[in-house]
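Note that the chains take the letters A, B, C and D in the order they are written out, and that residue 1 is the start of every chain.
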Amino acid sequence: MSGESTELLAMYEQMAVIRRTEKAAYDLFLAGLVKGTTHLASGHEAVAVGASFALRPDDYVFATYRGHHHAIARGATPEACLAELMQKATGLCKGKGGSMHLTWAPGNMLGSYAIVGAHLPIAVGAAWSAHLRGTSQVAVAFFGDGATNIGAFHEALNLASIWKLPVIFVCENNFYMEYTAIGSVTAADHPAADRAPAYRIPAKIIDGNDVIVVRDTVAEAAARARAGEGPTVIEAETYRHYGHSRTDPAKYRPAEEVERWLKHDPIDVARARLEALGVTPETIKSIDERADAIVAAAIDAAKNAPAADVREALTDVWADGGSAWRT
Amino acid sequence: MSGESTELLAMYEQMAVIRRTEKAAYDLFLAGLVKGTTHLASGHEAVAVGASFALRPDDYVFATYRGHHHAIARGATPEACLAELMQKATGLCKGKGGSMHLTWAPGNMLGSYAIVGAHLPIAVGAAWSAHLRGTSQVAVAFFGDGATNIGAFHEALNLASIWKLPVIFVCENNFYMEYTAIGSVTAADHPAADRAPAYRIPAKIIDGNDVIVVRDTVAEAAARARAGEGPTVIEAETYRHYGHSRTDPAKYRPAEEVERWLKHDPIDVARARLEALGVTPETIKSIDERADAIVAAAIDAAKNAPAADVREALTDVWADGGSAWRT
Amino acid sequence: MAETEIITYREAVAEGIAREMRRDPTVVCLGEDIAAAEGVFKTTVGLLKEFGPRRVWDTPISEQAIVGAAMGAAMTGMRPVAEIMFSDFFAVCWDYVANEIPKARYMTGGQVTVPLVLRTANGGGLGFGAQHSQAVENWALTIPGLKIVAPSTPADVIGLMAASIRSDDPVIFCEHKGLFASKGPKPPEGHVVELGKANIVREGSDVTIVALAATVPTALTAAERLAAEGVSAEVIDLRCLIPMDLTTVLTSVGKTSRLITVEENPHQGGWGATLVSVVVDEGFQLLDAPVKRVASENVPLPFADTLEEAVIPTVDKVVAAVKAVVNF
Amino acid sequence: MAETEIITYREAVAEGIAREMRRDPTVVCLGEDIAAAEGVFKTTVGLLKEFGPRRVWDTPISEQAIVGAAMGAAMTGMRPVAEIMFSDFFAVCWDYVANEIPKARYMTGGQVTVPLVLRTANGGGLGFGAQHSQAVENWALTIPGLKIVAPSTPADVIGLMAASIRSDDPVIFCEHKGLFASKGPKPPEGHVVELGKANIVREGSDVTIVALAATVPTALTAAERLAAEGVSAEVIDLRCLIPMDLTTVLTSVGKTSRLITVEENPHQGGWGATLVSVVVDEGFQLLDAPVKRVASENVPLPFADTLEEAVIPTVDKVVAAVKAVVNF
């Protein structure tokens, strides 16, 4: 197989694993084994995986509450993610974060942020730090279309631009906030890309469901960033397969639109590309099966893991590991 | 005299009164009679006066801590303004607001806001209210160049645009924040106007020291607003004659730049226009003298007014006039 | 009959708003997903349908613009009711809540009033994690110039919503997420509960337990358990933090000589501290025992149910605190 | 000699930062007008000159970006010291202070640390009006996960700045505007004051007065006046709200049996309330008199000097409060 086929196959596998992990999260939520809330990223896989394959392991990634795909793309295991959702001691955050706060520091996936837009300035700060330390690391902030109307977006883009920082702003434009269409509340057709010129930041609007396009666009932006040329805005158009959160049936989306996007599933797109590169259906099938197995094992392991340790409630506030507020 | 000469003369007089009031504030500050801080608007007069002459008395005006000119342009007396600065009972706000919070509700000058950018969404709300009540009133927010980098700016412009509200955003671009040049921290040449397209709002960059230009530009924006065509951004270039606040000598500004702007004094510009319209130097002189007299009387009256009533410390928190926090 | 109709706390929110919108055409609503989607907590169901898009507005994710616009509208003749979806998000528009809205009237020497309501889903217990579970009524308490309301029953939601919307002062209206599904009688039309009147929800003689919002049912359950053990607890639903009904509290402590507060706020900076500090000043001689505050631990709120329960007030913790002061 | 050199509180800020910047190359500063202009309060004088533009950064008026960027840098190997020019402006970046910085470590199960300092000019008494005069250390107190420091002398500024910058936890560092011109001995190099250690600045036996930042000199002056009238007051400079040194406070109350707090925060939600609530729980039997809190009135801060003085704590108010509890 060509290098490109091998890499695409690896990306395909990661997308397949994410898809199945999200499905598992959904099913476990329905079964009452995942509590609180979840915001699933099925349909968004190509954004996380394409970006991840364009980045170095030491680059920084910041995500939103819809961040399972980014955690996995940066190396967190499906098991640790599901265990976190199931409030297990083996969860990514020991059961203290939950679905909305998946974090995987070993992969420099530095958190999932549940206040819309909050992580954009934080990512700018990581990029500033990389610049100060001279490491040529890049920071990437993934955010939704809805985040483009909050103040932090504006401040982050301006600061990144004037300081020419190595940060990439990747908008996962799935056309909806929670239940409201982004177009109905935004004075721009492309909520992120159309605003980028106001900060002298170059922008690209891309098919966020084509993992190759995402990878190449992020790679280019990362190269610019490492060359000291500053930030880039990438607006990756995509679509969520589930509703906004939990069991939202997403009735507010026109059936025709849903159908069109389901036909443009990022996994199908990648499969078609693989086939075009001559990868056999059997090879793809074996990958699918491996993904099935990985996630099935993850579900099992997470289910069987011990519950979060209640003593952890009072740890990890301070760097010394504790939570003492008085002396 | 022509109608235009008469109006220009009236604007000239108001600018002359503001200029002298600011001078008085400065002198009284040096004399220890004005305490706390002041942010003088000498040099910015044409923005306030030109706008005010383009507006209806029932239109809303929102200003910053650099807002003396807007209070006076909307009908507050120099006496009440100076009395406020001097902590007198007869002050615009009974001595409770001070220089940074001049407010003159009878002229719908609904406040001076000392948190940079905060009043932009508030002005949008007044415009929304006018729209809801069907009054065809317009709201105007005056703000500095520095305010264009804060989140509230972004949120205000987007909301105003999508709701097509009758609001005018007037940036008094004096090229500096406190002591730092706006250009050094802003990813745009024209911090307000260059960003307007990101919100689909039309923008104009104008000579903010030419009162006629200001008046006509604001009049046009107000007409658009009243016709239901939505917001406008006006970037009025101007310059402050004093430092940022109190006795700041503004050493951070190049001498050549200061000189150039002092030669483009809005009062001189208006005087030249008056002369071009055939108004005699004597007429202008009589106006100058009247302004001298008004402000001299205002200083006297403010000095002689009773000090703020200390009992007022515990009034005006609630609409019932009191401040009881418990029952 | 209307009197015996049962309604959920969640439904009471929409009902309370609707009643005021019918009365007063200047009442308008704005917020994220409140109109077409009828609220992510379904607390604005029916409003768009009944009152139309000129009175019920969906907004972008722009909390500063939402609350700022509400303020500007309130200053100019409207009575906006703005929703902040989760109370944690007050942090992104805190300038309006802390610096603008509560100070406008005072700074201008009384020239302007700001009659608005900022409604929000407040509090924990649902496993939403550290950024979606906070009880933030104590943030508002640090800011003079805000009325702070936190109802515990559907009837109070309606009665206090009426008083809040009619109030000429700005009101922070905390709807507790943990109570949305709870039920109670639907009050008759015209039901108004005056701000600043605590409610003695259970009479008792051994100890006074002061609670608010979701801690009221916690306190009541604890009181029942204690009754079985021979301890008679008086439970006060404070209803409002500002105005704070200290008369009712001090009167009760005069009777019981013992005081416990039950707060969802973290112990550091929680509302009970202010209340207790007044009682130990003005009511020092009334007290026969230490005052205990059952509050959340001083940590962010964890996601896992068991951990969250370890952090927030529970019936067990209230019972233990009461026993400690009663056995003192 | 270095020991007898006198320095202003204002100069101590820059000195304290500079000492740490010399020690540790990961310490960087950012804020509005802090570099070329050396700070609007002249608290960063000399930093740009000594450390250059890669370590001292002027920013736009973008407090969310300032504090957010500081957080991102802190998570990735730097020790940023961010200035928020006036503490009132925490309101425009409150999300970072309340929801992001203090929760990151906990939410991630300890995966990240956020070693940063947010410095700010805090407090009133200078006639800057309602939006530039607040003492907001109590806002921070409502948020578990922040260390809160508020020095009262130049030596403490330097010693606590060292401890704050070296701390692996986020620190809110409140520099009191009313103290900038005050003077005191410049401490020797290497001076570090551990966080969470209160300072007994005057010993006494009749009453314990707990103060913070600008209320420390107020309390000390009151103590002198009281001494002349035969009342012996012990004055504790709390120095930090978190960690709160309750051991020192409880020990002192054990000796004096009487407690007064002097807070610039409004009474509602002020830090003294939390402190008092612990004392009346754990130290109930120590107390011989009501506890009084001398705090700001529950109103926004007025501009006029006389009105401001009527609102904030003064020597007269402290003396009156002490007399009331001593004569109880």
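We take it that contacts are C-beta pairs under 8 Å (C-beta built on N, C-alpha and C of every residue); 3 or more make two chains touch, one makes a residue touch a chain.
Since we're looking at a predicted model, the values are computed, not measured.
Undergrad: Quick check: more C-beta contact pairs at A-C or at B-C?
TA: Taking the two pairs in turn, the one with more contacts turns out to be B-C.
Undergrad: Quick one: point me to the chain whose Cα centre is farthest from that of chain C.
TA: Relative to chain C, the chain whose C-alpha centre sits farthest away is B.
Undergrad: Roughly how far is chain A from chain B, going centre to centre by Cα mean, in whole Å?
TA: 46
Undergrad: Can you check how far apart chain C and chain D are, centre to centre, with Cα atoms defining each centre and the answer in Å?
TA: Centre-to-centre distance between chain C and chain D: 30 Å.
Undergrad: Averaging over Cα atoms per chain, report the distance between chain A and chain C in Å.
TA: Averaging C-alpha atoms per chain gives centres 36 Å apart.
Undergrad: Quick one: report the Å distance separating chain B from chain C, using the average Cα coordinate of each chain.
TA: One centre to the other, that is 40 Å.
Undergrad: Could you pull out the residues of chain D that touch at least 2 other chains?
TA: 59-60, 62-64, 88, 91-92, 95, 99, 106-107, 129-131, 144-145, 242, 244, 268, 297-300, 302-303
Undergrad: Multi-chain contacts only, two chains or more: what residues does chain A have there?
TA: Within chain A, residues 93, 95-97, 101, 113, 115, 118, 149-152, 155, 158, 162, 184-186, 312, 317, 323, 325 contact more than one other chain.
Undergrad: Contact residues on chain B for chain C in the complex?
TA: So the residues of chain B touching chain C come out as 60, 62, 91-97, 101, 103-105, 110-111, 113, 115, 118-130, 132-133, 139, 151-152, 155-156, 158-159, 162-163, 312, 315-321, 323-327.
Undergrad: Show me the residue ranges of chain C that touch chain A in the complex, using the header's touch definition.
TA: Touch residues, chain C against chain A: 32-33, 36-37, 40, 58-64, 88-89, 91-92, 126-132, 268, 297-300, 302-308, 310-311.
Undergrad: Touching chain B in the complex: which residues of chain A?
TA: For chain A paired with chain B, touching residues are 149-155, 157-158, 161-162, 184-188, 194-195, 197-201.
Undergrad: So in the complex, the part of chain D that touches chain C is made up of which residues?
TA: 88, 90-92, 94-95, 97-99, 102-103, 106-107, 129-131, 136, 138-139, 141-145, 242, 244, 265-274, 276-277, 280-282, 284-285, 287, 289-293, 297-300, 302-303
Undergrad: For chain D, which residues are in contact with chain A within the complex?
TA: Residues 28, 54, 57, 59-60, 62-65, 67-78, 80, 95-96, 99-100, 104-113, 115, 144-145, 167-169, 196-197, 242-247, 278.
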